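In what follows, structures are represented as structure tokens.
Note that chain A is present in both complexes that follow, paired respectively with chain B and with chain C.
Up next, the complex of A and B:
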């Protein structure tokens, strides 16, 4: 049996992963569906956070969007990437803003966090705000930690999330790459079929 | 961050987060509750999908609402303390609608004219592209707002929904759970689970975990909580039967008749009761919807369950047979306009009267049945005669009833009263004179 001091950190990670600190109603997606519906996935560090206030959207009401800048690695191409991802909700200052049930928890969107994020180019996240949507808001953001050997571990979020269980980043990267390859092949095949129809 | 570097505080925090849930349920709490000023909700029904507004079958438990509005009203009611009316209204909810069992009830306030401010407690559509979100709840200034992404196909039910649609009632039930203070549950079948799939309606009904959640915030429904068990409207007054009403100082909450304003809704204050019944005249801006009673207790248990009520006049009723006359089968009465005393726009109509003959409408509060001349007298005395009219060549008569100038002070028609009307007309080619059938007309404010 492992000593308690070795088990406790993992137990803590498990608790963090299973504790639903967030609220939302989002699409229930498997990893395959998540890759299918998004334009990319990045693993990196949140280096900046900014809230945009739209005082009067096309609906005639105000909205707030939080944009996180993530610097790291594109999990599909393997190249370094800096990308801004946005989601509804946030506070411009202590008094101006809105709490949104879909947003990642304050803990999860903290600057300095290492995360995996799934994003999709979006011409309208609501109210005419465009950018890269953090797909399914909190459902598209997964914290990563390093184990004692320095290996990155992605924290699963439990049932109903694209990454259900904790897994090492290389394993997730390999899965995402494979799923993306299959997705591109389907697209190519579809394009060929469409061309034949012409 | 390395695992070994996780500070002890994080470990303690994680354990506490789970331990904070009383009873060990899977629900989570957001840390807020809705005070009595934030229980009202309204719907800006700008859903564009046909399937979101194709339920055109009215239901007695949800008077005046159809389509998306009805689906969202049912979602709010599901969190209520007890069954709403007789609990029926959705074939997919076998345990009835109204399952919260807590000191908590929402107050349906009809339609809104826009999404409104974040604190306006309004449901509306958000026009946006695919972001993977179905709906969300926003909070600010003690209120809330729920938005549904228009890029999905929403279905208003009732019962099962289409294969490629999302259940609006399920989503609304989930979001209203956030509004009242619940976070996500880890139980996948719970209404408050974080995600949903298409073509499923199961999240309309609260699970035990959801009920434990709402009861953790507001407490299980108290024995001191006022309870409404029936409500009726006589055309002027609302009569409530139940228990737990205070002797004085009750508030009676109504649904707004027209589009409602943020932060306000029709209510009558300072209402007396014998503890089990209340009679009150609804305010002019009250309409069909729900009625609730707030007694003088100070806690969450002060507000009753929501009970459906129709604040509309009962239907006009034809009674008494007409008799054949020289022109045909006999004269039959009807009405145009409304039964509103305030509107004063009721027009009495008759067809099948002897052509071009003179006639008189008369009315009274009693009914009778006596053979007179060529027909049947159906209005009992005392009765009051209106002006003389002449039938058209086609045998039609129209008479605009002016409620402000009764033929006799005793014949003054008031809201809450029911009066009977009949037409007496000449028929020289027949029996000399004859009667139409009769109309029983309830009048309202």
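Up next, the complex of A and C:
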């Protein structure tokens, strides 16, 4: 099995040819940076979507947040997990809501989609709304599909995104686990050093 | 009786105002001179009818029943009918003429005692200033309505709301002011009428001020925000009503006062006739006020000011009293102070509207040149695209090719006549199709030299040889058989009446195209039409108006669709309607196809496509067209089933290929493999579908399968090359030392 890093440069050509140029400006992160900054990653099915309207928030304007419920597997622990992740934007009815340039596309957030999502617990996404933030909005959500042989493939989003190129899910899972292990080890080391200094 | 007269007058006026496209050269753009002149003539006829029976207006509110009838009549004609209903002025005019003698008889017998009294009819000297003031009112009304009309969708529903709102406010003013003004002595009425006219200057200035604020996006947002609306609501009834009240409210109040004060027959005729003349000459004046070399030349503010000054001065000149002179001076100053500068009017609901480079007023409307993609500027007339640059380039090229398909050139120099604007893509398209000469014409032909100078500045060699002709000259050349092809490209959102063409040489093929996203489904269509699709985003209807029969993928439209009435259209935002109109059109064609043997699968395909179009919803404006288009697996399954049942033909292929491109951009790998794979096999592996399947395989990291799909094609399509490169690179990586 060829390592993912060997395939990546060649599939980049595909993404240059196929991926639409996104005009939104979100934080550019590698996979390592994404794992470092987030509290978890899940692969599962979007089973529900709900929009919360916060009228006249302390920030002075109405705010809207979309929350997706994802049922699946935690990519780090391997345990079953159901999690709700939120991002700014959305409509409560045909006329009430806001569009957000950084939100995932309608295709990406459709109920029934299988996705990989990176999330971080956040006390205030805006206007006092707290929850699990879909990290970097559309940059933290990646659709997956099954190829003709039934293998799950994650759709990469291109340069600057945590999952740059298409790759098989087990490969991504292994990468995330490895990166998270390294992150935990660094944290433990840091705690030990702090205790020693103290 | 007056109420009935008003209702019938509305029927007549609405039909005349809505009659368009009866001439071939009117298909891209109306001839507003004709429309405005007809409306003016109708106003004069109505005024004449009123003048015959002066006693019908006896009393302080004589005109009120007539105005109520007129308002309700316009509401009924304009809002309770489907939008593209054929002109109804025919029946209205005949009924009006038929009952006029009855009205005259009834009017004369209304008050037998009054026959004994002498009738203090106004003199010609008193009527003339009223007529002149009416001209000013007509100019001001038409000019101030112009930018408001351009902000809204161009179909009759929005215009109907504007007219009904204006007439409603006028009627209200007539009723409220009538009771106050009616207490005054009669012999002072003429004087008060002139004072009222003098105040027209001030009132016009007020209207100008409020209209100018509406033409700026920030001003518009502020005004509509006061009642909880958004600029995206432009084209809904609440929005249209609000901006009409803001822009035309002051003039409506003035009109009501004038109507009350002019209620005696001859004065009424003078007011209506004058107003009609003002409406009729406004298009001529707009062109005369415009310098052809100016970058921005919007004449509506100037004409509105002229109308206001006309009203202000009339009274001061005829009755030079303190009040009239003061009113005239105040009006003049207010007009000078509030007159806005020329500025392009942008569509209210377009979020990121592009500023035009060049705008000029023409008698047919506002022509603008806007930068487009890839260096191809776009020409618009009242915000409707006259050229196919940018997103419409694909469908424009297709209708050009289909118009000339299998055309045999009879003349030594293959020649075409384009009824519309020539631009670089169209010029190159005509050259590629074998034409050596292409004349151009339309009712905006006077603006074409300047437009072509801008459009061909970067590539002068790309302009096909030919002349810009007046409609008269072009028609003569057509009749002399100078052209192999006469082409009228589709203009978005227009539903003109299609003309009947006779006396043309049989070698001349005349093709007119209509935008499928407009309310075409309700129109009278011929027995066979062409449907051309640019994938799923654009649909055009082609009608061969003249020329020899030919073998083509014709569709048979069924009976006219029962499309929603105008009031229903106004309850939704306009962005929702093009897909619904396309769905109605496809369903109409499906009904027609079902009547033909062996055409059931194609009818089913049309219905499945219509279902998909009806499912479209408003999308994030930051998404691409493909991302914003809704296709779910049910839609795909239904469409695929019809194809496997035998649906075929050029339109079916164009649509399926378009869907393939959308699915590739959406990265819907499973849908491509499950639904397009079998279709590609059934159709003998067409390039478009094989490219989509190859792209899906590359997404699946299956390089070998991708290369198989790309084998055997020889084409200059850049997608083939880039997919081949990606697949080969992927294969190389997979076959390397560390590969599978």
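Everything that follows uses one rule, which is that the second predicted complex is superposed on the first by the 176 of 198 C-alpha atoms of A that agree within 3 Å, B and C clash if a C-alpha of one lies under 4 Å from a C-alpha of the other, contacts with A are read in each partner's own complex, and residues count from 1 in each chain.
Just so it is clear, a residue touches a chain if its C-beta (ideal position, glycine included) is under 8 Å from a C-beta of that chain, and two chains touch if they have at least 3 such contacts.
Every value quoted in this text rests on a predicted model; they were computed, and no experiment measured them.
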Contacts of A:155 with chain B and chain C, given as first, second, both or neither: second
Just chain B (first), just chain C (second), both, or neither: which does A:94 touch? second
Of chain B and chain C, which one contacts the greater number of residues in chain A? B
Quick check on the superposed pair: does A:106 touch chain B, chain C, both, or neither? Answer first, second, both or neither. second
Looking at A:189 after the superposition, I want to know if it touches chain B, chain C, both of them or none. Which is it: first, second, both, neither? neither
I'd like to know which partner A:136 touches here: chain B for first, chain C for second, both or neither. first
Scan A:146 for contacts with chain B and chain C and give back first, second, both or neither. both
Residues of chain A at both interfaces, chain B in one complex, chain C in the other: 9-11, 13, 16, 18-20, 23-24, 99-101, 145-148, 153
Using the touch definition up top, name the residues of chain A that touch chain B in the complex. 8-13, 15-16, 18-29, 37, 58-62, 87-89, 97-102, 114, 120, 122-127, 133, 135-137, 139-140, 145-148, 150, 153, 158-161
Listed in rising order, chain A residues that touch chain C in their complex are 1-3, 6-7, 9-11, 13-14, 16-20, 23-24, 94-95, 99-101, 103, 105-107, 143, 145-148, 153, 155, 166-168
Enumerate the contact residues on chain B facing chain A in the complex. 1-4, 6, 10-11, 14-15, 17-18, 28, 30, 114-118, 124, 126-140, 147, 149, 171, 174-175, 178, 182-186, 188, 193-197
So in the complex, which bits of chain C are touching chain A? 230, 233, 618-624, 626-628, 630, 664-670, 673, 695, 698-702, 705, 719, 722-723, 725-726, 729-730, 732-734, 736, 738-740
